[in-house]
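In the two complexes that follow, chain A is the common piece, with chain B as its partner first and chain C second.
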Partner chain A sequence: MKGKIKLSILLILFYTATAFSQKFTLHGYVKDKNNGEALIGATVIVSGTTLGTVTNVYGFYSLSLEKGEYSIEYNYLGFNKKGMEISLNEDVNLTIELEPSTEKIKEVVVRSEAKNQNIISTQMGVDKLQGKTIEKIPVLLGEADVIKALKLLPGVVSTSEMSSNLSIRGGAYDQNMILLDEASVYNASHLLGLFSVFNNDAIKSVELYKGMIPANYGGRISSVMDIRMREGNTKKFTGVGSVGLLTSRLTLEAPIVKDKGAILVSGRRTYIDLLTQGMSKINSDISKVPYYFYDYNLKANYTINEKHRIYLSGYFGRDVADMSLSEDNLQKTYWGNYTGTLRWNYMISNKLFANLTLLASNYDYKIESSSTFGSTEKKTQHFLWDASLKDYSLKLDFNYYLNPRNSVKYGLNSTYHDFNVGKVEGNIDTIDFNFNIPKYYSLEHAGYISNQQKLGENIVLNYGIRFTLFQNIGSATAYDIVNYEVVDTLNYSKGEIYNQYMGWEPRFSTTFIINDRNSVKVGYSRTIQYMHIASNSNSGTPLDVWMPVTPYVKPQDAHQFSSGYFVNFFNNKIQVSVESYYKIMNNQIEFREFSQPYFNPQIEADFRFGEGRAYGAEFLIKKPDGKFSGWISYTLAKSERKTKDIQEKDWYPSPYDHRHNLSLVGMYDITKRISVSANWVYLSGHPFDAPSARWEYGNLILPYYEGKNASNYPDYHRMDIGLELKNKPNKKFESSWTFSIYNAYNRRNPNMIYFSSIENNATQAYSFSLLQRIYSVSFNFNF
Partner chain B sequence: MKYGFLLLSLITLACYKPAEILFTEGSETKYVIEGVVTDGNERPWISVSLISDPNSSAVFLPVDSAEVYLSDNLGNSEQLNQIIPGIYTANAIKGKVGMVYNLNVFIGDKHFSASDKMHPISIMDSSYCKWVENSDYFENGYYISSKVKWLNDTLEYYRLKFYRNDSLYNSYLDFLLFETTEDIDETESLIPFLLEKNDTVKLRLYSLSKEMFSYWYAYAKITSSTFYNSSIPAQNPPSNILGGALGYFQVSSLKKHVIIIK
Partner chain C sequence: MIMRHLLYVAVVFVLIFSSCEDPVQEIYWETQSVPQKIIVEGNITTQLGKHPIKLKYTDDYFRNNPSQKVSGAILSISTPTREIDYIERIDEPGVYEALSDFSGEVNSTYTLNIQLEKEVDGESNYKASTNLVEGFRIDSVTADLFYNPQQDTIVLFCAIYGEEPGNIKNFYMTNIYRNGKLLSDTINKNAHFGDQETGINGNTVLVLFFQDEFQLGDTFGIEILSISEEYNYFLTGINQIAEPGDPFGFSGPPANAKGNINEGKGLGFFFAADVSRGESVVRGIIGD
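Now for the complex of A and B:
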């Protein structure tokens, strides 16, 4: 064994030594010729070899080669391949613009950069989407939605039909990190989850890491969803928009200075409140729907010179439920996120690319009411409940292109978290009241280094390590809890570090390339999570609040082992993969019986801690391009828990346990202007507590429950159908109509099940189904 | 639920229907034991029954073969008599404040036991009838007002039963459970049940142990759950009976008030 380790070290040294013999560097950016957008993950390959690299998230690449003549291929799916003859006698800075394919290759949700990138990449358990392509899938109420598209991929299930919260590979919905231009989004739902907060017109790409999470990401144990906004068109003024039944949206983009910078502004709003308000004035039988949401995206970028570039992006979204009867009778609930990202790209050298990022994010909700009362003398009452989570981060990331065989990433970051778990204040006439749960403050630091290394022609390694340090800081109130009882209350002054956790998170994966059509991959990762949602809901609500770990609540961590076999057929036209995973999760949180999570400053005493395990196999067959494209995704999985003082002897199903998850997605271009699409999903019902018997007390019949999560909802299945009709385009304006039917065969999938006594005292289960067959139409345009 | 109306606004899309849900398969026979010992005039009683199939129409399945024993911490013990199927009462043992009572129930080879202490009723309360008129919160009419002096040095738990003309008024939606509160010395509260002239109101205040308070709190949460409360707890109340039975063994000091509305 020792000898083998020595051999491995020698091999690494050999390849590293080889690297130092390189002389010159070819570097630059790969962009879309039409709009100047950076192309993420484009391949840059020396023709006839396996030497090459891929562009980073800013479109930057660097390839160090010995002095000589080279034929370089630049490749990106949906774009015409470009070949360049390079005479490398000195460092060459070459920015390439690729032209979208004139064949209008049908891009589908799961893209690959090179046709066999799925074979040669070290990545496992990762799904990638492009904003342009999500709209191909049949949509609900005219809104293409990234989260709904993700639900069609293996290992991904929604916590409920209405929800934008996801369970990834059997994990809880608060175990997913959602990043919008690197800023955390803590609640991705509009309209209680019917839509996600992401406006598809402003989205450039999405990467969902559900297995081997790269070392530059951290903070959650199940997945990372990295969403990048579009940068804006640096060539010309353009716009894209849509008018639908429920929402309309418009995105405008224009160069600030041609080929140097651009700005993008995007907005979206529902207007059923305005429509029903107008209709109710005409017909009083029609009541106003007192709800709307809106969101805005902004992004600007500017290239200062070939070494420096800055980006500014932001998101602001709000849901508003306004049931106010008058100015004197206010009933308002609103919730939403904002994020802000300021980035500075600095190409320190031809091989070293740095990015400094300042981030801010916020999620908050408020419930507010005020009114007057009193029959003789008018009195006022006011109630305000608010909660929030604010983050401020500083990140420094480096990409070091050591040589064609080694690509190193390293960096540091720190985040300040400000948790306002809940605050209530108000008055009834002259009596003031307030109830504030002490706030939590914390710092989260991380440092990481990783390397993607090619060993010979057939083996690619990706290894890295992440170190995290989490600190609870004052001012704060902490509780000493013994046997679930608070025995002491401890107060800490402002800025005092009163508790900290730290941990190492190794990540490793390797790809063994059997040939250009077959590869085998294995991987392992450890992830640690220092915050969680304090809610006993399994699907999530707008009132979810996040809490940090404390001296009593220990961090969650997960070990995930995964393996996969990838094979392509028919010249990469059909791609097949089988991936398996086994995930062990520690310090999983359940709630004690009859816990009250809201306005409970000592909620920690209600937590029960246990372990979880999830394992499964994911199958994916896809045809990524052609007139007909689509995929079949199937997941066979199991997710279980064992929790002290809840059910500690036997494993019980976790709320996110779905045995079977099948998706069929198909898209067909009938002509250049007419295309149809359909998808069908089947999902085993999730576990819940159904009574096994009943008992009587005081003329009331009560249910008796035996075992946790021992029953299952009925299986879920649904078909959606879409039709796109493109109008005849002219040079300046293109438009299309999108028709869709959600739940085409009107399956009544239950959103809620409850039990009630019927005539003969027997118990009857009832289901409540929200989303039945829904037709929608939208008019889309771009110019 | 503050945002429940959002669901309502989607109601045009929604439907209810009976669901073919399989009930969880029960693995064993489960017993329900309910017992009350007070320092009032009533004899201690214990009810022993079985849970029933969810689809059956039976509501109470008495167990008439149980051996039920009650004892106190002074060494007094007696086997309870079955007066009707499933209901057992004591003759000798009486409830007394400060005593600990033990219940043992044997059914075949199964043994269930429980223990609870009788806590005193320390809060001094006086209750009287009050005519309320032109209130911003209540309809005009008769109500019962209770004055309570709270003890700030100990945490105590109570349940109030409110009988109007011999019918339990707060049957399941409001158990009137409360615990002593810090920082407040004395309160006067109007019990929000509208009464009429000639009504006879009986108030029965029970002291509770913390375990029994938790039991009734959980019970109230189950029975008051409604459709719009999506946090319906699919759980059994936390019984203080050892051995795996449902139910409770409550030992309470009892204070009664009778008020006739005139």
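Now for the complex of A and C:
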């Protein structure tokens, strides 16, 4: 009944919308004149009116207008505005190329919008970053990193200083969907999170939805990070690269057929293993660092004709820790992601844009060792532990530009998940052994429809609904669990659907535009999540194991209410926003005491289920451009939980509870060739379990804990400084040097605090602070 | 192990370019103020004795002195049929023992009653009950040194013959002796296991390996204590919290090992055990 009511509301709204249906359509693409890249989010406005649209993620726009003469304005920040006089007597296909506003801007300019887009947009709780901004922020170990840049925005907190995992608005790190060209990335970290898997040179746009998540996204309850890769230069062969102390990277792009298609290849690798290997041969005191990572990005696109385009993109990354002692004694650990996206854009009509997308993604890790033993007869032993999560998806999405006041999105998608939670096999001489935790297979389906609708001149609505269906399928082993004890084991045959969940996820937001400088927004969203990480770590590890919901483990869901006030000053040069949110989360998972999450086929029995709530206010003052740019971000927040059989009477702090989060970010162009940047961050320490007292039993000194997460880490703060020196450019080659100091005043922020018994019944607290003052330099170039 | 190695790699990565100070530092940590609690440590076995019970207080985590003893309490142990009075030892305050020797009986329930001179954590009366469950009865033991070629080490291979009650779910803890001396100085060094998970339920032989350094001619002694499932779980907890925290999520969250003293309000455990003993002279090396 409830579902019918929701659909009726949608139909009524669409009916209202179709009353404005018009005769002719102006449509086409907006591109960068220099490289042919589609510009995402460029505004197309009918001069002197509020009618207009923005380009979608493929640079496509469509405006339906009555017959007549129009002055159309194409606008994209960092590019010269372009005006066109259009005589609309028939449908017009017009692709526009915008020129960068200064010749110097040749970095990746990714996402921007009209100068007061923050006022008129219906979006709340969304963070967007430009590639050039990411590059200007002082970097850690010479690598510009989108995830580290996002940490400087309100409502976004790193789960640990070293981690690439984020807590968004008090949520857990497995409640964030990370998409690279729409394919899921299940572990975004290289080297315990010192680097993220995203090579900034290959990234075109980054959008982080942390509040009102549009209906076309789903699968996680806290946020969606939508990262799009660059498409490649359709005009000419170009390259961009960097040589740093630890990593180097190179991106090459070239037209396949000029103005019709391009290919981009990007690669990155650390080489401290090679350097230390060479140095160890010269000086035996230096030992080889047995670790490296690499990743590759590939993207190709081709415009078959006006209506058809195809895209192919992929990512492949690997971390390798090679602790082998000799050729006869191998010990290696590998982990990494790969993703693949094959997409077909089809402009069905001037108003209807369709995408058919095939997706694949994989995260896996392997721990492998082999050796020989025996003094007389050589024997071998081999051990392999591997785990993985594979996804295969098919998506069909439509953008329907009904009229200038209504833009409808709808679509369907299905994903097949293959969870290998853990498998061990090997042999000792002739004796084979193996231990497999039963795999999980599942299907996740979704359908959605949404509309962005302008009501009059001052109200913009964005409403939609998403329906999701999750199915556990065989072959599988499931457990009947009563009072946390497995009372029965049930086996299901291949392909059998033995359990399913479904749910409606309404999304709604509205913007009341007070004037072109002020707006108020409110929103509500419900999100459902059908998979989670089975690890007790709050910050993530390379050995994270993902699991689906089961007949016993119910889906998590969240209701989020949010509101915001947006105001711009000084002709939109200063943007100010205040957003508040209240999020209710159900079926949150904690582990029972002394649980063993790894290689435990019945780990579900160790879960304890509870509810969570997170609320807060986010303040952002931003100066997006000019010689001096930057922002001040402050979040006042609280995140709490109640969990049955852990602490069910009183709310206790969640591990992601940070009361204060302040970031000051500034970038200043001293001259055209010299720029400096600095940021300072302050974060309240996160809760954890610290001993409150000690007790003796059986000649042991033991900690006693009072309350869950009752203590806090010390408050975190640090300052980073950056300097960019551009060398004198010539026509074909430009280069620059980037110098950074991370944690400039050398604050010892603990990455870990632990307590230990030492001699003579004494106990001591220790802190482990890895990221102290760190210097880095890199040489960057493009041609 | 793998995670510790990766952490080491991360440390090397960073230290090369950092201010090169030791990342590990002793710090001052102020603990939250919590009410003092009582700790109980004691047991009853099927062996004849006075079965001492120790009472202590919890203390500040960083006090770094032996725990304060609880003196002046009135203790007794009761079964449905008898009551055994305890008295505090004059030479060792906080340690209470039976007025005369006694031994526990299998299939009996024992209840420890403690009446304190003054309230601790809002209570002056503490209780704990435990069952004495019949366990493995040792007939004979053999102990042989065995060469393990995979690890190039010598281990002690023990075959313990006897009878394991197949009709009940048993849990065991072992005490190991070398030449009459107990090898484990702390409780977390004692092995503990269940008969179901180790597949020994109803068996007539129990095989155990020990890494401790026994030599030819040593006397290997073993005590097998049949303990309750609750005490076995308590020992699991003790083992985990005795080690420094694992930051990588390989184990459960930090927690208290919940005992049976006023349903966990007091710390520690009062347990009963059926004890069986055996010993053997260690024989020569088997293997490659």
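Throughout what follows, the second predicted complex is superposed on the first by the 743 of 783 C-alpha atoms of A that agree within 3 Å, B and C clash if a C-alpha of one lies under 4 Å from a C-alpha of the other, contacts with A are read in each partner's own complex, and residues count from 1 in each chain.
Criterion: contacts are C-beta pairs under 8 Å (C-beta built on N, C-alpha and C of every residue); 3 or more make two chains touch, one makes a residue touch a chain.
The shown structure was predicted, so the numbers you read here are calculated from the model rather than taken from an experiment.
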Assess the superposed three-chain arrangement around chain A: do chain B and chain C clash, or do they fit?
clash
Regarding the shared-chain residue A:Leu455, is it in contact with chain B (first), chain C (second), both, or neither?
neither
Which partner chains sit in contact with A:Leu702 here, chain B, chain C, both or neither? Use first/second/both/neither.
both
By the touch definition at the top of the document, which applies to A:Leu245: first (chain B), second (chain C), both, or neither?
second
What is the contact status of A:Leu636 with respect to chain B (first) and chain C (second): first, second, both, or neither?
neither
Check the contacts made with chain A and report whether chain B or chain C touches more of its residues.
C
Where on chain A do the contacts with chain B and the contacts with chain C coincide?
191-192, 289-291, 321, 323, 333, 367, 373-376, 379, 536-537, 542, 593-594, 689-700, 702-706, 710-711, 748, 750, 752-755, 760-772, 774
So in the complex, the part of chain C that touches chain A is made up of which residues?
2-3, 5-7, 9-14, 16-19, 21, 23-29, 31-32, 34, 36-37, 39, 41, 56, 58-67, 149-150, 152, 185-188, 233, 236-238, 240-242, 244-245, 247-258, 267-269, 288
Listed in rising order, chain A residues that touch chain C in their complex are 141, 162, 191-192, 194, 245-246, 272, 289-291, 321, 323, 333, 367, 373-376, 379, 381, 428, 535-539, 541-543, 590-598, 606, 689-700, 702-706, 710-711, 746, 748, 750-757, 760-776
Residues of chain B touching chain A in the complex
2-3, 5-7, 9-10, 13-27, 30, 32, 34, 49, 51-60, 134, 136, 168, 171-172, 214, 217-219, 221-223, 227, 230-236, 238, 246
Going by the contact rule set out above, which residues of chain A touch chain B in the complex?
191-192, 289-291, 321, 323, 333, 367, 373-376, 379, 536-537, 542, 593-594, 688-707, 710-711, 714, 748, 750, 752-755, 760-772, 774
